[in-house]
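This is the structure I want to talk about, given as structure tokens.
Per-chain residue numbering starts at 1, and chain names A, B and C are given in the order in which the chains are listed.
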Amino acid sequence: MEDNFSSYHPVISFFFFLFVICVSMFLMHPVFLAISFFSAFSYNLILYGIKKTLKNNLLFILPMMIIIALANPMFNHYGVTVITYLPTGNPVTLETIIYGIAMATMFCEVLLWFACYNEVMTSDKFIYLFGKIMPSISLMISMTLRFVPMLRNHMRVIANGQKCIGRDTSNGKTTDKIKNGVKKVSILTTWALENAIDRADSMRSRGYGLKGRTAFSIYRFDKRDRAILIVMILLAITFFVGNSTGNCYVSYDPIVKVKGIPLDLYSCITFLSYLTFCMLPVIVDLYDKYKWKALRNNINKKENRGYRLWT
Amino acid sequence: MDLIKIENFSFSYPEAKKSALSDININFEEGSFNIICGTSGCGKSTLLRQLKTVLTPNGNKKGEIYFKGKPLSQIDERNQSSKIGYVMQNPDNQIVTDKVWHELAFGLESLGFSTSSIRLRVAEMASYFGIQQWFYRNVTELSGGQKQLLNLASIMAMHPDVLILDEPTSQLDPIAASDFLETIKKINRDLGTTVIMTEHRLEDIFPYATKIIVIDNGKKLIEGNPREAGEELRRLKHKMFLALPAPMQIASYVESDEKSPLTVRDGRNYISDIVTRKNYSVKEDMIREYLDKKGDSGLKIFDENSETSKEKPVLEMKEVWFRYGREYPDVVKGLNLSINRGEIYCLLGGNGTGKSTTLSLLSRINVPYRGKIFINGKDIRKYRDKELFTSFLGVVPQNPQSLFVKKTVELELFEMLGGPKERLNDDYNLSLDKKEIIENIAKVTRIEGLLSQHPYDLSGGEQQRLALAKILLLRPKILLMDEPTKGLDSFFKDEFAGILQTLKKHGVTIFMISHDIEFCARYADRCGMFFDGNLVTQNNPTDFFSGNSFYTTTANRMARSFFPKAVTVKDVIKCLKKEM
Amino acid sequence: MSEKRNVDEFLDLWFDDKKIEQYKMPIPENPMVSKLSKLFRVLKTDAQDEIFVSIEDYYSRQETSKKLTKRTIVTLIILLLMSPLTIAFGILFMGDRKYTFIGIMLMFYAIIPFFMGFESRKPQTRELIVIAVLSAIAVLGRTAFIMVPMFKPILAIIIISGVTFGPEAGFLVGAVSMFISNFFFGQGPWTPWQMFSAGIIGFVAGVLFRKGLLKRTRVSLCLFGFLAAIFIYGGIMNPAALIMYTSHITIEGIIGIYISGIPVDLAHATSVVIFLWLISKGMIEKLERIKKKYGLLV
């Protein structure tokens, strides 16, 4: 599903994901975790819809979370509040359990953010971003992305060709299957590489390799992008300043120490700035939807008026 | 003014004894439309590649090429890149990036244009070529014709002074090809861009050219306007004569004082003139030279009760329905088709009508959801793979390269028999000499001189024949082919037809789908017209093509008002002779 | 048994089932042949193809390519210098999450010099294309076997690339193919780890080959592939998993994750060996022809 935030300039999307993923990965404060988890989940809902989001998460992320949450107290035995003892004689502590849950949340939200990243940061946006810094590599990535579907197509043609000379082995012996698979890969390699010379010629003949190559893109950095970038930077600064005052300190070892709760002014500002930052895509998208609805109502009204005038 | 001038130019490849080009003098005027013709391997591609330094192969050069009065070697790469545009044969191999818009901008990026000027030029090109609709697409989703148009557009974006095209339509179907050629004409007409191209689909483009250059054996043979070139070819009795547009060929057999026609329209008038005034004679020596030699079918009398039709058909489809998935539309709709032993059957029809799907059903790659297919009277599903594909069906893939795996042609052939060792295996259980088999098959397919070469070093036509040879090693009784003449020039086509005729003589049935009307008219025993998942009509070529008014050969379109049954050039000549 | 026939007679015979019947021979089938020895025969027939003979001689003679380039050495120095600095920073400032931080930063440090070295060299057009094609084949290999976990030809193709086109190309094919295939599989915190470990395998393969320690024989390549899959790929990816979801790295934890990873690593390594055994010779030969044809001197 195309959301409004993905239509912003690639720099915006990249900056956003860089920030949220890094913060989610490195800061373990429970409030941060909660904010990040909530935002990532809501953005997933917007991008994938309810059904797909739940399916993805219940199938893969939930079991992962449980495993991680359980693994921590099994292998780590620090902390002071002993709850029970394992058969091996090692203690199970409250601190390790809490830390396990925090860890699991962290891991899960990183995955959720990456799910959004995959949908928003398409390959061409990535190539655009790095085209200026790494022109050869990004061109290579672009070419690889072109070759993969092309070669997959070739592979199908090759498989059909082999089938039609009686070398179909889909229900044959394993040894034949392997032999045939290797032959297909071999045909594919030659086919792809031998024809690649044309491509090199076509690149050279269009001046590839001249000095001063530029990188064209269909993306434009406009006013809307500038506005949201300023907002993002301000929020990020607020967040870092607030964070560096130590208001959001957390420690799980040896005892659980959480600062900033109950809320005071500083921690409140820090949390709020983080929440706003993480929720930006959701806010942008919802606002956009609201605007359209309002616009359409407006148009309808005008049309109605016009209709009355004409009749 | 001369845009490009080639002066006393010779070229030879590093280890070759013979020079590839010798002593060539040509000048290409600004705004002209030039066609370079010649048989495969005559050196025309080598010549084109000399016109752009980065594409020039290694070798010894003599003489000089001037671009706008300056030697080409003194023009820097930047200028050459933008001013000399070069489009190659295979549309797929030239595209570099994964997005259409990126591909359009590729050359401009290399030249270092700013984003805003690239945006302008790309927008211009997209509008001029009608690319807006697929501007944001992935290039993989485009059709062959669209891909070649994209290649052209991405070169035109650099605003070249000259456009060089090396057989640009050989991989396209006829409709895409004629669209592409129209675009080239439009560019030449609207923008005044000089065009230099090699092309074997001369029908559409020959009359439009301002200059024709015929290259033979690395030498310039003829240079002149289309009419002069045609007459000269006839005078020299050159093989290229057979590649000329049909009206020119027909006129060449006729002795009359009328001016020889270039287009079908001229050709109609020409015929009506000479037939009504009866002031012509047919050149007997020409007929002996060209027409009686080759075994084309021409004006055959088809006996309904002939021997072949009595026999049980070797291939039969009964009420066959197929679609690619439950939710997809039907591609083949209740198709009935039967093919007799030892005939050449051509299935014609537009793109996307389901021809290729029908072929995939016959070769059991896909299975119909309703209806039955019989081979030799037995249901196709009841054959084991080995049984079906060795000694019954031989399927020649459209792209021969999808079969090549070894490093020489000979090993490629041995591969089908399970390796070069004379020992029995699953793929080979005959007491015949493997060497002898391969020798003979190579002779039949005329690749006997190429056995030590790498398959990828062969030309397109030779690769096609190697693929056929590989398939023949399976002893197929029925050959299924998907556009076997695609990308072949007229000599390779003739050679290929000769092979098919030999096979037919030995009882092999040939079923092919094709876009190539002229080829089918000359060599098929029966043709079928495919439309919307079914067979609309089928008949012998004479009745088939004379029954159509658009979908027919050039010769027929030209002569149909007088000789409705004349389908090939030969038919028209025979009729003219009778009429005399 | 073979009297000379002309083409017509031959074709008559060839396409006539009745006539050819008299030449048919039963294929001798040994019922004692077990599946395993059959497999062996399959592997052997391929090996006996005489097209592979001369490559090794050809390469043992090429003395010049054994030297390490300067850039390779510089890359190694950067690697050795940056790592301790990052580790120190991580320990001092990142507290709880130091391992994740250090790990990911190290991966980036390790990958970037390769990319930058490649960029600054202004690679030939043909080189770019060959690397892109090889990466695409590797990606296809990874997606083609999606149903069989851990049974992937990707490392085999990377090793072959490294051996044929040198350490740098090996690294690039590895890193790019892992990166691209994650466009299909999904990017995640694992991407830099995978990119690095696959890349370094290609790199090491190239270096060892130039140093003459890795030969282009099947046995040598397979041995290397096996060790690389277990010690390099497994060696990096196992602790990477640990680092990603715990903060307290203990010896027990590391040993634990290695032990639990053994079956997976073994399966992976076996698949690499199988693929290398089957495709290495043919692939190397084909790549060599391309190298000659394109004039690529690596």
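Here, a contact is a pair of C-beta atoms (placed from the backbone, for glycine too) under 8 Å apart; a residue touches a chain by one contact, two chains touch by 3 or more.
For each chain, UniProt lists the protein as follows: A = Energy-coupling factor transport system permease protein; B = Energy-coupling factor transport system ATP-binding protein; C = Energy-coupling factor transport system substrate-specific component.
The structure presented is a predicted model; accordingly, all values stated were derived computationally and were not measured.
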{"item": "B-C or A-B - the one linked by more C-beta pairs in contact", "value": "A-B"}
{"item": "Of all other chains, the one whose Cα centre sits farthest from subunit A", "value": "B"}
{"item": "CA centroid of subunit A to CA centroid of subunit C, Å", "value": "28"}
{"item": "Euclidean distance of C-alpha centroids - subunit A vs subunit B, Å", "value": "48"}
{"item": "For subunit B paired with subunit C, centre-to-centre distance based on mean C-alpha positions, whole Å", "value": "40"}
{"item": "Numbers and ranges of subunit B residues touching at least 2 other chains", "value": "none"}
{"item": "Shared interface positions of subunit A, touching two or more other chains", "value": "123, 139, 143, 145, 150, 186, 190, 194, 196, 199, 203-204, 208-209"}
{"item": "Per-residue multi-chain contacts in subunit C, two or more chains", "value": "none"}
{"item": "Subunit A to subunit B touching residues, read off their complex", "value": "123-124, 139, 142-143, 145-146, 149-150, 153-154, 157-158, 160-161, 163-166, 168, 183, 186-187, 190-191, 194-196, 198-199, 201-218"}
{"item": "Residue ranges of subunit C touching subunit A (in the complex, touch as defined)", "value": "35, 38-39, 42, 46, 94, 96-97, 100-101, 104, 115-116, 118-119, 122-126, 128-133, 135-137, 139-141, 143-144, 153, 172, 176-177, 179-180, 183-184, 186-189, 244-248, 250, 252-253, 256, 274, 278-279, 282-283, 286-287, 290, 293-294"}
{"item": "Subunit C residues touching subunit B - in the complex, by the definition given at the top", "value": "1-2, 5, 7-8, 10-12, 14-17, 20, 23-28, 45, 49-51, 285, 289"}
{"item": "Residue ranges of subunit B in contact with subunit A within the complex", "value": "52, 54-55, 77-78, 81-82, 86, 88, 90, 92-99, 101-102, 105-115, 118-119, 122, 136, 138-140, 151, 154-155, 158, 360, 363-365, 385-386, 388-390, 393-395, 397, 399, 401-405, 416, 456, 470-471, 474"}
{"item": "Of subunit B, residues touching subunit C in the complex", "value": "391, 406-407, 411, 419-420, 424-426, 429-433, 436-437, 440-441, 443-444, 454, 472, 475, 477, 502-503, 506-508"}
